[in-house]
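In the two assemblies presented below, chain A is common to both, partnered first by chain B and then by chain C.
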Partner chain A sequence: MKLVRHVAWEIWLPIVLLVVWWFASADSMNTYFPPLHDILERSKELWFWQGTREDVLPSLRRLAVGYLIAVAAGTLVGLLLGGVHWLESATRPYVEFLRSTPGIALMPLVSLVFGLGDLFKIVTIALVCCWPVLLNSIDGVHSVEPQLRDVATSYRLTTAERVRFILLPSAAPQIFAGARTALAIGVIAMTASEMIGIGGGLGYFTLNASTAFDYTGLWSGIIALGVVGYILNKLFAAVERTVLAWHYGLVAHSQGGTR
Partner chain B sequence: MSISTTPAESRPASAGSASRGGRQRLVARPHLATAGQRVGALVVVLALWLWFARAKGANADFPTPVEAVRTFAHLVTTSAYWSGVGETLLTAVMGFAIAAVIGIPLGMLIGISRRAQLSTQFLVDFGRNIPVIALLPLAILVLHLGRTMAVFLIVFGAVWPLLVQATYAVAQITPQARQVVRAFRISPLERIRFVYAPSMMPFLTTGLRVAASISLLVAVTAEYLGRVPGLGVAMRDSSDTDPHATFVYMLTAGAIGLLLNIALVALQRRVLWWHPSQRGKVR
Partner chain C sequence: MTQHALSSDSPGSSGTTGRCRTGQPLIGVKGLGHAYGPRQIFEGLDFSVDKGEFVCIVGPSGVGKTTLLGCLTGLQKPTQGTIHFDGQAVKGTPEGLAIVFQDYSRSLMPWLSTRDNVALPLRSAGVGKKERLARATAALTEVGLGDFLDSYPWQLSGGMQQRVAIARALAFNPKAIVMDEPFASVDAQTRSDLEDLALKVRDELGIAVMLVTHDIDEAVYLADTILVLAGKPATVQTLIPVDLPTPREQLATKAEPRFAELRSEVYTYIKKPAAPTA
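Then we have the complex of A and B:
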């Protein structure tokens, strides 16, 4: 019963808004705001399953490749910079500058070197995503408890063991926080790079639909991008919960809860 | 979900815990060695840049450091450069301000009631995960090309972190604090000044920082893709004919981002000087 009430509170407003949208747009003559009914019809036709194969999956593949490169590189470089202080202080200005550069500003230059195809999109996504991971990974390494460092020293752990058993676990919560931010801007970078680049994808589809006066297609594209962003975020949360289960347990324990 | 699992933005203290181990050692270092590292790093970066411009970027006319400096020296004397900077800043700041005016009060209202949080959870979660650029084609159709369109997109992108952080800020005020102010009959004005505002500030400043970088990002993107006057359009127009200028515009966008970030961090430090995350930092 409690669960039912909880779910009811969570879903009533979205449902009301959908119903309002449905009826308000039912006889819409405004070409930019077609009836919701038409949009859904069109979405069904588009995304099950041809469009998914042709546009959504390639988009996701590019995002996955670029994002995973960024997370891996950001984590590794972050561990290095976090561990080697003189290197961190020497590179800090450049890291700060690059992470402050709006990712989209990198696109013309990336396209200069890599053209407008797949590689351009993957490089753009990776370039945009790596900074939050990198900065959080550096901070994560810095936040390792001094006692743990002492333990590692007195047990004469090798560098590999330190990374595996001390640095990575301590930095993991922060790295995940960075990776979550990176995912959100990764989806933006994916969309924007596809709008500029050639060769399909959800971003390309959406922009193309609007220039082709296909307004139900445009709305379907926007909704699909929203759904993709939402699902990716939920997936990420699930992965984070699994990987960091020990961390949440620890936090709950230290705060006096039982788990 | 966004309430139970701490979103990335809502960890104001994270950066602070970092300074314990590393920074102190850095501060103690003699200045000479640090300066040496700086120069060394600069040399390495310039060498890498030169190598890249010669090797991979040669056919793409990627500028070498010297060429970049020369182009920059030329561009800063043109009015087009400064109007681009001004337009971008104006668009970004307008969007950012509107997002703050909408997002913070709305987030606070939602944060007051557990039911309001539950009711809006899905909408907020969905809204913040829509890649804001997806709305660009629609925004162009409805609002046409121009600043209004860019500002709308910025508001849509930047409002979420502010809203989520404001919700979080209100929701985390402990019942004890509320009971204490009631028991001591502290006046509403003083409650806000001495209890609620300080406890919300760390969350709000984090939200503001995230929102500011989103604002700049979306401003440049909207300019680039939607041909709104500003750095983005300058970048796009020059990319075919004059890659060196494109590069300088990119550096300019980066510099604006950096300055914005520095300004907000300084503000955060000033407002939150008492907070554990800011203590012990070199001022």
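Then we have the complex of A and C:
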């Protein structure tokens, strides 16, 4: 019952908007804004299942590889920089400079080095995604409870044990927060990198439909991108809830909740 | 002025406490001093702690009790003097010494169950997984938390969390436990329970305990020997052997006339530092 209410609460607005869109666009003769009915018909043809195989899956594969590289690298480098003070001070300006540079702007440069294929897209996604993870990981390490350092020292924990049992779990809530931001901009980087370059994908499909005056296709692509982003976010939240179960429990507990 | 805590043979404090006397003290402190820059915190500390001895360190706040514990545990390097633990000079936390920190809520890992919290230090000590869990379970049972092995620390009350911290120290099979105002942030009832737990641990396992407290009653109730630290810079004002009968009991022990005498004796030393303040 609680689940039903939860789901209902989440989807009522999208349903209302879809209904409004459906009726408002029903008799549309405007080429750029075709009836929703046509868009959904087209989506059904496209994405079940040939288009999913040919465009959605390649997109997801690139995103997954680039994103996971970014999360792993951001976390590791963050642990290093967060743990070694002088290294962090020495690299801070470069980190700040690089993360302020729009990653998308690096695409032409990246494509010079890596061509226009999968590698270029993966590198672009990784480059864009790593910064929020890196910065949050550094902050996460900084905010480790100082007393736990004494505990680790007095019980003679090895460096590896400190990282695994103290630094990493302690920084995990912040790393996850960074990874969530990274996922959102990762989808953007995926779409943008597919819009230039070759090899298909949702971004390529959408731009291609637009240039081919296939406006129901364009709208189908946009909807598919939105759905993909939404599902990824839900998956991410599920993983976060599992991994950080202790954290949510602790927060709920300290706020006097009974969950 | 080498003062040997247990060389003063006090009636009533021997025998039943599980202390074993050998020629060599467990902890030997000689000429210990520490300064932060030009500010000398304490100097010329000489004392020793025997195996299985319960020593309480009392003194006014800011006297350097926590710094002294930092030196004893090897977390801080003293600027003068030496400390020997079990015959070895202290450089870093010695094996066989475990610490119970003041703030349980910050010294336990909220992402680990109580059992994993207790078992983690054993991992670094090279104990196999099966034995780690068995020892953690045994230690938690010893402190009365056998039913809370899989709880997270934050699901437990403050007193129970401090019991977890004590269990973590016990699982380590230490020869000595150092406690920094371990019962300062729990309610009175819990505090008495934890005091009795500390005594029980010492009696049953023969572990030496060094406990810092600002509570004179607590010191008199728990200690075999009270070390009074006072002055600027602080020195050992006195070592008071506590000749109350053992085992101690919250009501009976505190009702002893001798309890009140010892209490005022300690109080006098804290209030009137021997060294004149310049």
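One rule holds for everything that comes next: the second predicted complex is superposed on the first by the 245 of 259 C-alpha atoms of A that agree within 3 Å, B and C clash if a C-alpha of one lies under 4 Å from a C-alpha of the other, contacts with A are read in each partner's own complex, and residues count from 1 in each chain.
Just so it is clear, a contact is a pair of C-beta atoms (placed from the backbone, for glycine too) under 8 Å apart; a residue touches a chain by one contact, two chains touch by 3 or more.
Here the structure is a predicted model, which means the values were calculated and not measured.
Chemist: Putting chain B and chain C on the same copy of chain A, do they fit or clash?
Modeler: Result for chain B and chain C: fit.
Chemist: May I ask you to decide whether A:I166 touches chain B, chain C, both, or neither, giving the answer as first, second, both or neither?
Modeler: Once the two structures are laid over each other on A, A:I166 reaches chain C alone.
Chemist: Rounded to a multiple of 10, tell me what angle the C-alpha centres of chain B and chain C make at the one for chain A, in degrees.
Modeler: Roughly 90 degrees separate the directions to chain B and chain C.
Chemist: Which partner does A:G103 reach: the first (chain B), the second (chain C), both, or neither?
Modeler: In the superposition, A:G103 touches chain B alone.
Chemist: Tell me which partner A:H247 touches in the superposition: chain B (first), chain C (second), both or neither.
Modeler: second
Chemist: Give one of first, second, both or neither to describe whether A:V95 is in contact with chain B, with chain C, with both, or with none.
Modeler: In the superposition, A:V95 touches no partner, neither chain B nor chain C.
Chemist: So, A:L157: does it touch chain B (first), chain C (second), both, or neither?
Modeler: Touch status of A:L157: second partner only.
Chemist: On the A-aligned overlay, A:L40 touches which partner chain: chain B = first, chain C = second, or both, or neither?
Modeler: After superposition on chain A, A:L40 lies in contact with neither partner.
Chemist: I'd like to know which partner A:L148 touches here: chain B for first, chain C for second, both or neither.
Modeler: The answer is second: A:L148 touches chain C but not chain B.
Chemist: Check whether chain B or chain C contacts more residues of chain A in the superposed model.
Modeler: Chain A has more residues touched by B than by the other partner.
Chemist: Please give the least Cα distance, whole angstrom, that chain B and chain C reach in the superposed model.
Modeler: 14
Chemist: State the interface residues of chain A toward chain B in the complex, per the touch definition above.
Modeler: These residues of chain A touch chain B: 6, 9-14, 17, 32, 82, 85-86, 88-91, 93-94, 96-98, 100-109, 111-113, 132, 136, 138-139, 142-144, 146, 149, 174, 177-178, 180-181, 184-185, 187-188, 190-192, 195-196, 202-203, 206-207, 209-211, 215, 218-219, 221-222, 225-226, 229-230, 232-234, 237, 240-241.
Chemist: Which residues of chain C touch chain A once you look at their complex with the stated criterion?
Modeler: 73-75, 92-93, 95, 97-99, 101, 103, 106-107, 109-112, 120-121, 123-125, 152, 154-155, 168, 172
Chemist: What residues on chain B touch chain A, complex-wise?
Modeler: These residues of chain B touch chain A: 1, 5, 7-9, 11, 14-15, 17-23, 25-26, 33-34, 37-38, 40-41, 45, 56-57, 60-62, 115, 118-123, 125-126, 128-138, 140-142, 213, 216-217, 219-221, 224-225, 231-232, 235-236, 239, 243, 246-247, 249-251, 253-255, 257-258, 260-261.
Chemist: Would you pull the chain A residues touching chain C in the complex into a rising list?
Modeler: Listed in rising order, the residues of chain A that touch chain C are 145, 147-148, 150-151, 153-158, 161, 165-166, 169-170, 172, 246-247, 249-250, 253-254.
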